[in-house]
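What follows is a pair of complexes built around chain A, which joins chain B in one and chain C in the other.
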Partner chain A sequence: MATIFETLKLYFTYPFVRYALIVGVLIALCSSLLGVTLVLKRFSFIGDGLSHVAFGGMAIASVLKFTNDMPLTLTVTVISAILLLMSSKNAKIKGDAAIAMVSVGSLAIGYLLLNIFSPSGNLSGDVCSTLFGSTSILTLTKTEVYLCAVLSVIVVAVFVLLYNRIFAVTFDEDFSNATGINANLYNFAIAIIIAVIIVLAMNLVGSLLISALVIFPSLSAMRLFKSFKSVTVCSAVLSVLCSLLGILISIVFGTPVGSTIVAADIIAFLVCYIIGLLVGGKKI
Partner chain B sequence: MAQLTCDKVTLGYDGKVVRENVSFSVKSGDYLCIIGENGSGKSTLMKTILGLKAPMSGKISYGDGLKEKEIGYLPQQTDIQKDFPASVYEIVLSGCLSKLGAKPFYTKKQKDMANYQIHRLGLDNLKKRCYRELSGGQQQRVLLARALCATKKMILLDEPVSGLDPKVTADMYELIDALNKKDGITVIMISHDIKSTLTYATHILHVGKDIFFGTKQEYLKSDFAKVFANKGGEE
Partner chain C sequence: MKKILCLMLTVFFCLGLVACGETKEVAKKSRGNGGVGFTDLTSDNSQNSSPADSNTASKTEEKTTSKTVSSTTSEKPKTSAPTSKPETAKKSDKIDFDISNFNFTMAFSQISEMKQNKSKYLGKRIKVKGIFEGEEAPSRNYYYCIVKDTTACCSEVLEFVLRDTSLTYPKDYPKSQSEIVVDGIFHSYKEGTDEFFELTDAVISK
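Take a look at the complex of A and B:
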């Protein structure tokens, strides 16, 4: 036990570890906020698709040898979010099919680009880390940390300000429209926030595991709580705790950051599931 | 002056006409029942009144201080999410959304309003409960409380008693009647329950191949009522 703390203490003298923790917590906080909305509005497909788009964006950025790939990835992902939402409205191509096309397409093109123009010798290592985020969190630069921090704060602020409207639009779109809320506008706002969250979360867990980061804390919280507010707060807390735990474990034991965090989220879900069964069984 | 006037409105979806030439008007304090067979366009009419979809032609106008966004609405079927974790209080409060304006959060006054509606509909002991764990009748009440938060003037109810047991149905009718008589809220209700319709309504709109609009007394004298009487029920 003592050696674990010694190890941690040693690691905390390195700035990149501190960065990793800060960014990890912020990203975890953001990504958990919209989980409920995503799950219930069936936007989780969009979320999944967008994470692949983000991979494509990242591939292009690295082929173009950008030192900081986040701005390009962010732009590409936000634009795709808007396009996907628009296409799922006008129903010529079914929303789900469009998402599948875009997501698989960008995955393929991204990999192809990386393969042809690969800037580094270790292609499979690069791809693996983009998909699973194995080391990226520990190699963040100061700029990236600042960018992540600013974006996270914006996401949290926007979410808090729009909280009541997001609730209404998620719960009953027709009623919101009838009371003069432009539900479509908020759907777009939600999609853009998702896009930002995905690009952020990619740094933490890699593009394949983003959905887990977004959805697990909310699903866990929904096992325990019955109101939107308590579910949102609980999932934020769970998400932050699991990420902290995941990052610390991965530092000490050298496991991949992303998968460790997701594993922590899964365990939290199982615990919540069991508690939910026990408590729910009594109440009825 | 009429609160709501529909003038030769054509209802439809994506260029397909559902019903043509619907005209009627509602004054403050009226209790209008909309009847007609399944698929005749009643719900479509309501959505058009609410501005959820545009009429294909014709004009809908609001008057007497009523604004389009101040109409309370109890939908027939909602796309309400089955698994949505929301307490009764949160849902009722969301009825105050239109009063939010540009502000991000609800004020004390709006929260009081939600509490008052919860109390009025006898939902006090369910306030903290999760919506999805309520019975159908309780859910209807919650949605009615939400609709009442949205309006002081007019409420649109799309088959508010479908699926409710006779006792709860009677309670619901009493409640709606009280809203109309005591609080002076204009009621527009879609119903298949002709008997209660004729008990409470002041005006009837019959939507079908032929359209009838008039007071209850006029309706009882008209051919529509005779057809209904002959068939001994819903046409």
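Take a look at the complex of A and C:
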């Protein structure tokens, strides 16, 4: 144990480790806040769908040899988020079908473009790194850290300021409209925020595991608490703790960062589930 | 019960934050133990890697045996003399950054950091563990120390040039794909528009 602490103390002298922890905590916080809304609106898999869209955007940016793929990726992801979350109730392709269609289509087109135009010599490595995160979070530049920090602060600020509206829109859009709240506008804002979080979270856990960051903290919190505020706060705390723990375990024991964070989320969910059962007096 | 849970979660969170220690003190102590020391985050960290250096700043760059060399590049002849035993590290060779004991995740990340912020590391003696690979090319031979990340899908490559130039490849060099520990002076050079990184005055200690 002492050796682990000594190792951690040494590793904390490295700037890239500190960057990873800062960004990891911020991303986990943002994704957990919106995760509660998404889970309650039955859009849990939107994270997966949008992350695949982001992968497609990154592929196009790579093929076009953009020096910075973030603007195009963010733009494509925001547009997709708006289209998916704001599709009308009378749309012919709804909810999960629309997400699935956009998700697999983007992934396939993205990989096809990368294969045909092959911008780098290590295609499989680039794809693997994007899909699973690998060590992306540990190879951030200072600019990327600042960008993540600014976007995260904006997301948290928007959530806190619009908390009551988001709460109303999450549970009953019709009632919100009837009481004068423009539900479409807030759905639009939520869509943009989710897209931003997805693009940021790809650095942390990769495209394939983003849904875990969104879903697990919310579901874990729902096992313990019932009110929207309590669930949101607990979700945020759990997400940050699991993210911290995942990154630390990963750097000490040399495991993949994304998978380790998700494993921590799963363990947290199991613990919360058991506590919820015990506190609620229910039988398994 | 809810309050107790909230309290426990808060305590765990605070414990996590408490783990972040004084970076300067730890850095001094680690230097004293012959380990790695780094400047604090608040110190001047100039990043010299420009967006145009996409090949070198790439997080997943890997050189395979088919390395491309610009046709306009002048030759860099390396003469091969009769064989001699690999030179062992001199006792006076002070290692500035020793990442040979790091796990895959940290070693990969550290080399990526070195390439991104090369100004902090140029001219320093780096010790690294990786997989050996050699390549014979018309102009010169290339010798690589490949460090893969934990998923083995991405790798960072450091070329090295041995101090003992009398050694011949492949006779006096390690076997291909064998694990090596090599230390050398971190150096960058350009071939055409591409920038590459190598360890010069290198010594293989394993």
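Assume the second predicted complex is superposed on the first by the 271 of 284 C-alpha atoms of A that agree within 3 Å, B and C clash if a C-alpha of one lies under 4 Å from a C-alpha of the other, contacts with A are read in each partner's own complex, and residues count from 1 in each chain.
Assume a residue touches a chain if its C-beta (ideal position, glycine included) is under 8 Å from a C-beta of that chain, and two chains touch if they have at least 3 such contacts.
What you see is a predicted model, and the numbers here were worked out from it, not measured in a lab.
Asker: With the two complexes superposed on chain A, say which partner A:98 touches: chain B (first), chain C (second), both, or neither.
Answerer: neither
Asker: So, does A:141 touch the first partner chain B, the second partner chain C, both, or neither?
Answerer: After superposition on chain A, A:141 lies in contact with chain C alone.
Asker: Touching A:237, do we find chain B (first), chain C (second), both, or neither?
Answerer: second
Asker: Touching A:76 in the superposition: chain B (first), chain C (second), both, neither?
Answerer: A:76 sits against neither chain B nor chain C.
Asker: Mind working out whether A:26 is in touch with chain B, chain C, both or neither, as first, second, both or neither?
Answerer: Touch status of A:26: no partner.
Asker: Determine, under the contact definition given at the top, whether A:250 touches first (chain B), second (chain C), both, or neither.
Answerer: A:250 contacts chain C only, not chain B.
Asker: When the two structures are overlaid on chain A, which partner does A:14 contact: first (chain B), second (chain C), both, or neither?
Answerer: It touches chain C, and chain B stays clear.
Asker: Is the number of chain A residues in contact higher for chain B or for chain C?
Answerer: Result: the larger residue contact count on chain A belongs to C.
Asker: May I ask you to decide whether A:225 touches chain B, chain C, both, or neither, giving the answer as first, second, both or neither?
Answerer: Both partners, chain B and chain C.
Asker: Give one of first, second, both or neither to describe whether A:68 is in contact with chain B, with chain C, with both, or with none.
Answerer: Once the two structures are laid over each other on A, A:68 reaches chain C alone.
Asker: Mind sorting out which residues of chain A both chain B and chain C touch, each in its own complex?
Answerer: 225
Asker: Given the complex with chain A, which residues does chain C contribute to the contact?
Answerer: Within the complex, chain C contacts chain A at residues 1-2, 5-6, 9-10, 12-13, 16, 19-21, 23, 26-27, 30, 35-38, 41, 45, 47, 49, 51-52, 54, 58-64, 103-106, 108-110, 112-113, 116, 149-151, 153-155.
Asker: Which residues of chain A touch chain C in their complex?
Answerer: Contacts found on chain A: 5, 8-18, 21, 67-68, 120-122, 124-126, 128-129, 132, 134-136, 138-139, 141-142, 224-225, 230, 234, 237-238, 240-241, 244-245, 248, 250-257, 275, 279.
Asker: Going by the contact rule set out above, which residues of chain A touch chain B in the complex?
Answerer: The contact residues of chain A facing chain B are 36, 39-41, 160-165, 167-168, 170-181, 222, 225-229, 231.
Asker: Please output the residues of chain B touching chain A within their complex, sorted ascending.
Answerer: 47, 50-52, 68-69, 71, 73, 75, 78-81, 83-87, 89-91, 94-95, 97-98, 100, 104-106, 128-130, 133, 146, 150
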